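In what follows, structures are represented as structure tokens.
Look for chain A in each of the two complexes below; its partner is chain B in the first and chain C in the second.
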Partner chain A sequence: MAKSNKPIFWGLFAAGGTVTAFVTPALVLVTLFAAMRFNMDMFTYESIHAFAGWWLGKLIIFGIILVSLWHAAHRLRVTVHDFGVRADKQVAIVVYSLAGLGTLLTLIYLLRI
Partner chain B sequence: MNSKPYVREVSKTTWFLSHPRYKRYMAREVTCIFIFAYTFLLIVALARLSQGEEAFNAFVQALRSPLGVLFNVAALIAAVYHSMSWFDVTPQAMPIQMGEEFVAGNIIVNAHYGAWAVVSLIILFWGM
Partner chain C sequence: MSELQKRQIQLEVLRYNPETDTAPRYQTYSVPCLEEWVVLDALNYIKDHLDPTLSYRWSCHMAVCGSCGMMVNGEPKLACKAFIHEYKEGQIKVEPIANFPIERDLVTSVEDFITKLASVKPYLIPKEDKPVSAGEFKQTPAELKKFKQYTLCINCMLCYAACPQYALVPEFLGPAAISMAHRYNQDSRDGGRDQRQEVIASDEGVWECSFVGACSEVCPKHVDPAGALQQVKVASTIDWYKEHLMPWMKK
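And now, the complex of A and B:
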């Protein structure tokens, strides 16, 4: 049987789909409430900095962002194809590069906190 | 042999409008644009957080613009749609067998919705 990298890509996609399904709506609610001044004690520098400064907090943030980006990148590649763009190779390079860049930036920023 | 085979004309860009099932498929796929954009918003938040309190507060202030609120509302709708479409197919994606029988689909779906509620409450309490 030919070797395939599909299981790895598919695994990241499925993990990302599951993680985003569980956490993203609530995360958006937190930033939406902050944007609407719903609760001024919400999403403050102190609380977020304390969480991101904790090693387990860093690991959780990194994990969520990593799988969210790979899930969305993989699905975006398919979606672009579904909208009639037939340049899969170029699209794949762009979306996976963006996901890789985002992952790298996340790592750098987390290490600076 | 048929020299001119019949080829059904299908639009490459609007094909999904022809059937409600295709529309639901595309709605589900399009949520990824918002998941992608929102994740980058989180990365910007991390960048501002690493630059100190003043930079982070300026980020939150920018979030309070009409565009910031609008984006968050759109992202919320897309994220909830993604979650529901993801959990609704869990019985097909990961059927659970117990002995001879498969666990009923609605039990698997409801378990996911229950866990989703718990995780959401934890995140909201953490954010408060």
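And now, the complex of A and C:
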């Protein structure tokens, strides 16, 4: 029996699950504060923008969005399967393409800051 | 035996005789049950007093042998651990364990599970060949704790009956077999992980699992197969990255 290549997607899924559980809720809140221009030193739009402009900040944001996207894609694939849609290959192509597109867009937007 | 403690239970039992029946059918028996009885006691009552032709497997009557796994009101249960007093309605449906072909009445063919279990080499493959004179293989309590819960598996196959993935994909290696592989992989005395990985890291191995978790819910020995499978996934993922991104790590 040949060893499976599923670890590629499962690895991203597992990492994304961990990040989604621990980091994403806090990030959503921080981003909301920034977007609403809350007058707190750390949460000003300018300081967040500056963080996103710094190379390490870009790397962190990219990493978090990357694994969250691929996590969501894989979760959706399994959920669709659980709902009784037995077209795993087609579903996988659609959800992973969306995650791939999101990854690409994240990269483009981050590089433009 | 006081009459007060007795309760008349209607046991709806699936019957199938391959020599005379074309399809399985149900037969209802009225059994005077004591409150402390389990479903297995009720089946034994039927066999002894009502219908000697009823076939089912059992041996120990104490959740050790793993023979009496069956569907009780649609749930995978050991008949010796399913207490009558938990079924208030007075009617209990007993069917053979799900996802396995019926041989006769409540007896199923377990061939598929046995083949899969054997394929993961569920025994110690010593790391080093040591003569008996060299003494025992020592293990710390911490090393024992890593795998002890998985040794409690009694091969009752309730996890296979509960697993929706196994129902869908019969090739799936399944919860108990992978948990047993994990049990030996985690053993500090064992050196057979590479051999087992060839089977459990395949598509039909651990990767068919979608972490529904039903296996751990029905496990009568609290082995937590779902937990074992997730640990196997993490270890296999690390293996994959090591093999593909760091090929020089290969032995």
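A few remarks follow.
Note that in this section the second predicted complex is superposed on the first by the 96 of 113 C-alpha atoms of A that agree within 3 Å, B and C clash if a C-alpha of one lies under 4 Å from a C-alpha of the other, contacts with A are read in each partner's own complex, and residues count from 1 in each chain.
Here is the rule we go by: contacts are C-beta pairs under 8 Å (C-beta built on N, C-alpha and C of every residue); 3 or more make two chains touch, one makes a residue touch a chain.
As the structure is a prediction and not an experimental result, all values here were calculated from the model.
Once the two complexes are laid over each other on the shared chain, residue contacts for A:Leu59 go to neither chain B nor chain C.
More residues of chain A lie in contact with B than with the other chain of the pair chain B and chain C.
By the touch criterion stated above, A:Ile8 is placed in contact with chain C alone, chain B being left untouched.
When the two complexes are overlaid on their common chain A, residue A:Thr18 makes contact with chain B while staying clear of chain C.
Of the two partner chains placed around the shared chain by superposition, chain B and chain C are both touched by A:Asp82.
Contacts of A:Ala50 after superposition on the shared chain: neither chain B nor chain C is touched.
Once the two complexes are overlaid on the shared chain, A:Ala73 sits against chain B while remaining clear of chain C. In the superposition on chain A, A:Ile93 contacts neither chain B nor chain C.
Where the contact sets of chain A with chain B and with chain C meet, they give residues 14, 78, 82. If you check the complex, the residues on chain B that touch chain A are 11-13, 16, 26, 29-30, 32-33, 35-36, 38-43, 45-47, 49-50, 53, 56-57, 60, 63-64, 68-69, 72-73, 75-76, 79-80, 82-83, 86-87, 93, 115-116, 119-121, 123-124, 126-128. Contacts from chain C toward chain A in the complex involve residues 197-199, 201-205, 207, 210, 212, 233-234, 236-237, 239-241. Chain A meets chain B in the complex at residues 14, 17-18, 20-37, 39, 41-43, 45, 47-49, 51-52, 61, 65, 68-69, 71-73, 75-76, 78-79, 82-84, 86, 98, 102, 105-106, 109-110, 112-113. By the touch criterion stated above, chain A contacts chain C in their complex at residues 1-8, 10-11, 14, 78, 81-82.
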